[in-house]
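Below is a structure I'd like to ask you about.
Residue numbering begins at 1 within each chain, and the chains themselves are lettered A, B, C, D and E in the order written.
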Amino acid sequence: MLEVSEIHTYYGLSHILFGVSLEVSRGECVCLLGRNGAGKSTTMRSIMGLTPPKRGYVRFQGVTCTGEKPYLLVRRGMGYVPDDRRVFADLTVGENLEISARNFTEGGWDKERVYAFFPALEKIDHRRAGFLSGGEQQMLTIGRALMTNPELLLLDEPTEGLAPLIVQMLEEQIHALKKSGLTVLLAEQNLSVALRLSDRGYVIDNGVIRYHGSAEELQKNEAVRRKYLCV
Amino acid sequence: MNRFSLISAFLAWVLALALCAAPAMAAKTIKVGIVDCYSGPPSTYTNDVRDAFKLEIDKVNAAGGVLGRKIEFVTRDSKFKVDLGLSAAKELVMREEVDILMGTINSALALAISDLARKERIPFLATFAKSAKITGEAGHRYVFSITENTALAGKAGAVGLAKMPFVKYWIAGDDYEYGHAIADGVWENLRTLRPDVELLGQSWWKVGEPDFTPYITAMLSANPDAVIVATGGRDCVPFLKAAKATGFNERVPFYMHTATELSTLKPLGLDAPEGVLGTSNYFFYYPNSKANRQFVKEFQDAYGRYPAVGAVYGLLAAKYITGAYQKAGKVHTEKFIDAMEGMTVDSPVGPVTMRAYDHQAMLPMFMGKTKKAEGYDFLIATDIVTLEPEEVAPSIEEIRKARMK
Amino acid sequence: MLRIEALTKSFDGFMAVNNARLTVDQGEVVAVIGPNGAGKTTLFHLITGQLAPDSGSIRFQEKEIAAKAPHKICRMGIARSYQVVNLFSRLSVFENVQVAVLARRGKTFNLLRPSRTIAVDETNQILESVGLGGKADRVCGMLSHGEQKVLEIAIALGSRPEMLILDEPTAGMSPEETAQTLALMKRLVAEFELTILFCEHDMAMVFSIADRIMVMQQGQTLVEDTPEAVRSNLLVQEAYLGGGAAPC
Amino acid sequence: MIRALFSAKTLLVAALLLAALILAPQVLPRFYIYLMALVFVTGLLATSLNMVLGFGGMYQFHHAVFYGFGAYALTLLLTKAGMPPVFAYLLAPCCSAALGLLLGLITVRLTKLYFGMLQISLGSLVWALAYRWYSFTGGDDGIHGIPLPDVVYSSTGAYYFSLAVCSVSLLVMYLIVNSPFGRIFQGIRDNPERCRAVGVDVHRHQLAGQAIAAFFAGVAGTLFVTVEGSVFPELMFWTLSLELIIMCLLGGWFVFLGPMLGAAIIVVLRTFVGIYTEYWTLVLGVVLMLLIFFLPEGVLGFALRKAGPAQADPAKE
Amino acid sequence: MDFASNITAAALFQQVLVGLSRTTILFIVSSGLSLVLGVLRIPNVAHGSLYMIGAFLTYTIAAAVGPGAFGFWIALVLAPLGVALLSFAAERGLFCHLYEREHLMLLLFTFSMTLVFNDLVKLIWGSDYRSFTAPGFLQGSFDVFGLPFPRYNLFLLLIGPLVAFGLWFLTNRTKIGKIARAAAVDREMVGAVGINVSWIFAATFVIGCYLAGLGGALVAPTQNITQGMDHTIIIEAFLIVIIGGLGNIWGALLGALIFGLTDSLGILIWPQFAIVFPYVAVVIVLLFRPKGLLKSTW
């Protein structure tokens, strides 16, 4: 479904990604593991077209879409949850969801379904998103991405900086999403969460994919974990 | 830092100089340089000066010119900016090497050019700037004024108002030199003529004030007998609009120097307030003399519009220039000035003398009241009273005193 | 040397730093660790005066510095580097460091002496010591990310601090660069007798250099102890990984 | 001190240029001499603005107020106070600097657009003062025919005087830009937060920078009086300030001599396009729009970048 | 001379009313400016020129349709639309390539546009001033406590709240408004939820400029329409936006109120120095609230 091939990405003059390649098939949940600053978020941003790669290509559902504008990628069926949440602080929770509504088809995601999925959000429908707690904001960004009815969801560190209880709750929700047939690419630092959720994993370090294998293999491969994830 | 920037700066410089070092002198003409504002509101007045000037010059040239020379003129747009106008004037003097400078509606610029004219010994004919300083305290041998000035207008207003029964006055106007000079002129003279008058208060607004309603309502709440309004050209129209909208003219009579002028009344059409007192140097319908009728016809034929007051200034300037050269007998600046002094030329408003002492053209003033009239789709002045120049111009004694300061 | 007590800072009701405490003694290397969003950077901002605390006290060498202006705190001897590269973008590498040196020497109102004749040796010495000697004339935007992070430290050294605060000094560095930075930090402690307070995600690095470690979570001081004690602390494991594996 | 900043070649070029400028009145017609003097005045003014704008990163939106203030100060010192010209010429820029300090005290707490707009409000108040105080400043008519010392009364005298003052001022400004103060100032431009963190009192430097820039704007003001013999409130009007920013931008606002070039271009453009058409602002506007599109670093900035790709920064050689 | 002799309750009330109608124009113009500033981050100096063009277009359209109420209404509708069209062309042709530039560059770019617009206006309409009048039923005045209050000012007083409500509705109740508010804070993320930000920007720019045109159309009957009418309004609009809080349209309302009321009350209380009152108000506000009165989106 998603094929990333040899992408090189720069921030200004600094070279961040050095030929990252990865693949995600329909219905899979794939995780991208790495330390802070390893290039996870940049990979996500490159796929999403926010920081288009200078070289290499990104192919989504069989169409090459490297460097395409983010909004077009969303219309193609990519959903993006940024790592720093970035809710529209000035808007209420409801408005955040409303303006993101896209690609709705029968049985797809609309506001009701998102509220049913995250009941906590419904109660704070009228609250301004800037005043939410971290966990609520994270639910909102996921809900917002769901409102675009994606076929592939890019989840960038959804558990970052959240309390353990919330992490657990989110983990369950993501699991539910995966079960509903959504394809997920998950960038994580939190190894245990990531391995529980995903089928396969890539390990990235300093802009290079160092390892990839199934979740079980990763779980077993002590050396890789020590070296690149220092776990 | 680097030679590179120096070199490139220098190259650009040389290039710029090379570009513009075009020879400008043509042989055997008398060259008049006009600096005036041809952008924005003032151009309503200045275009008439230029067009009437051109009309007369063309006539002179068609008849063979003066002393066998043609007269040509060049114009520069000052955009109502003193620095631009001043450097344009210097360009005319130094590069075009004009024989005579003329123009400008902007008093500050007129004073600056006047200073330049004195330095460069080139006659300067101020055609629209109203500052009394030009021929008053800042007057000198090389500057002439072919327009009424604030002292004249103020006195004219005072003479007119003194005949009215009003006692309690309010003064309002544009907050710049011109406004204050007019207001002071009217008020000082009025107090001399009618010692019983009383000033309730004043309001001053910035030039280009967008909304006069608050000022008018504030004045109304003071309840004066009459109001002296001293606005420059551009604010006349919106002030009259606001006056009409608030019924100001029906509640309180007011005097406004240029209220009756064509340039003011024409844009307003029939929506101008009636009964406003105003003074002006010229109306295309008054004086109803042969000379005026003929001038209006020529002007209309050439430009398809009625001449406004500026046209008379332009025409007079042309007449003075040709007349003075004729009288001097040769193209020579000092002789030209000698010839100008005390010269009288004919005009649509009758013969106008250039007063020898202060170089002020002695123009008559017409005071009238705005009124609707048949045949015009705008208001005109009626009940016109002519104030003779001898009556309203500052005396030579006053000028002498001002220059002594 | 530095003593922080009951320090609190909130943004729009969000408690970024909540009743935090921390002590750093002369010559120590202290690490602050904690998940993203735990309040580490906010804590540093509070110490260096970029932010004013809501309440609590920060004492540096027995003087209260809470809510003082950043430049005053810097002159008292605290310098810092930034997590996100925060340089003088249009200046060269040399000039970047020189700004700090000049500021410390108080020559900043010298109007007519060419600055390239002032503080040259000292600046070059700092650049040498961090390994940027050969790149002094580059515009700093042309450096690699790792070099820019090192330049961050070099600027901080330009202030000749007694205490150096480093916000994730090795974030985004390659393993080689990380190792070099680690060596640099060790050398700094030895050579300049610096006290270092830093935060870092690279646990290997933290445990290899820190004398003591403070663990922050949701703005609070969870633990403040020696590396060994922290390593074995269950609370920390819980905070860090939501239960599960321990940090290495 | 000079040797440390300029290479021998640069000095040679500068000397040649200076010699050419000194000889210019012997060969060029009077008008061009006047125009060059005007370029010196305007260029000096734009360069003084650029000290705070390009090298200090301050949104100095109303620089003209210091220019006009200097011009008025000189005029009033000469006419009202009857001061000897030498003292008046020295004191007038100091008055501007004092005004810069005064306005700066109020404005430096603000940043960027807020700073700029507050400065415009305050500057407009100063302008209103000059515009309204008829008895003292001559109101909107201004003051003309200012009694200048004989040395500078002729246009050649004014030319040499402005050339000398402008050269010295440029040199001093160049020294300041390259001094420790200038270095810190550029640091503040690039990153005020970081500057604070290395122990710089940002506001005090900005204040000093503004006073210095105002001083040189005042110098330019006195030169204007020398060249034109007049003052009027338009010298402090905010539109002039925006034109000055345009000059900086046009020439290149990270290059020391950029504003000088920008001023030259604009003065020459408006004089000579103005001869052929009333619509020279249209030409200027289009030129500027093209420039912003294609040469955002300005003419000189662009030329320097082309000349030496690695080093586009002017403040060092 | 006694300043206070004419300050009666009726006069005060009158000045407040008149000040409010002036506020309307200021609010309409500066809210447009604020919208563009807040969402697109363009300090649009050409806003004043668009206001001027709006006034000229109103004159031309009204003159073309013919005298009477009909021409006035048609002009009032069409002129701002014309301005909007012009701004649309400018946005698509020029601005959309410049969003990443520094604010100072954008400021100067728009300033260059004012130079161009000014000369274009002169080319098209000449440099004379124009004037036209409101239809009969909006002319004249009626008495409020014995002092005349022009009907047209009452008309403005009614328009003001209407526009304010329209803006409120647009920003809070329509999708495009909500998106614009989101884009003001985080334009990248708006793109990442599938919205073409470029068109949102175009729309916001056009709406902002439409307001400039509307302001111009509304003042047209009370003023003479001339070159240079952009100068005063743009500086006032910028000051209003700054004291209100950059990008906050309610800040624009508040700023316009402060400006309009200090101006009109200043005229009553100390007419000789009325012109400095609004500037002093700005200085005072910025001294105590350096970032403006209401929350800025910057």
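By our rule, a contact is a pair of C-beta atoms (placed from the backbone, for glycine too) under 8 Å apart; a residue touches a chain by one contact, two chains touch by 3 or more.
Note that the structure is predicted; figures quoted are calculated from it, not measured.
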Give the chains in contact with both chain A and chain D, ordered by label. C, E
Hop distance check: chain C to chain E, minimum number of steps through touching chains? 2
Across the interfaces D-E and B-D, which one involves more C-beta pairs in contact? B-D
What chain is the most remote from chain D, judged by the mean position of CA atoms in each chain? A
Gap in Å, rounded to a whole number, between the CA centres of chain E and chain A: 44
Would you kindly tell me how far, in whole Å, the mean C-alpha position of chain D lies from that of chain C? 41
Roughly how many whole angstrom separate the Cα centroids of chain B and chain C? 72
Could you put a whole-Å number on the gap between the CA centroids of chain B and chain E? 34
Residues in chain E with touches to at least two other chains are numbered 122, 231, 275
Residues within chain B bordering two or more other chains: 38-39, 175
Applying that definition of touch, give me each pair of chains that meets it. A-C, A-E, B-D, B-E, C-D, D-E
Given the complex with chain A, which residues does chain E contribute to the contact? 175, 178-179, 181-182, 184-186, 188-197, 297
Touching residues on chain C, where the partner in the complex is chain D: 48-50, 69-71, 74-75, 79-80, 82, 86-92, 95, 98-100, 102-104, 107-119, 137, 139, 155-156, 158-159
Could you please specify the touching residues of chain D with respect to chain E in the complex? 59, 106, 109-110, 112-114, 117-118, 120-122, 124-125, 128, 238-239, 242, 245-246, 249, 278-279, 281-282, 284-286, 288-289, 292-293, 296
With touch defined as at the start, can you tell me which chain D residues reach chain C in the complex? 1, 4-5, 172, 175-176, 178-184, 186-187, 189-191, 193-202, 205, 208, 212, 254, 310-313, 316
Contact set on chain B toward chain E in their complex: 38-41, 43-44, 47, 172, 175, 199-206, 208, 210-211, 213-218, 220-223, 234, 237-238, 241-242, 244-248, 251, 267-269, 271
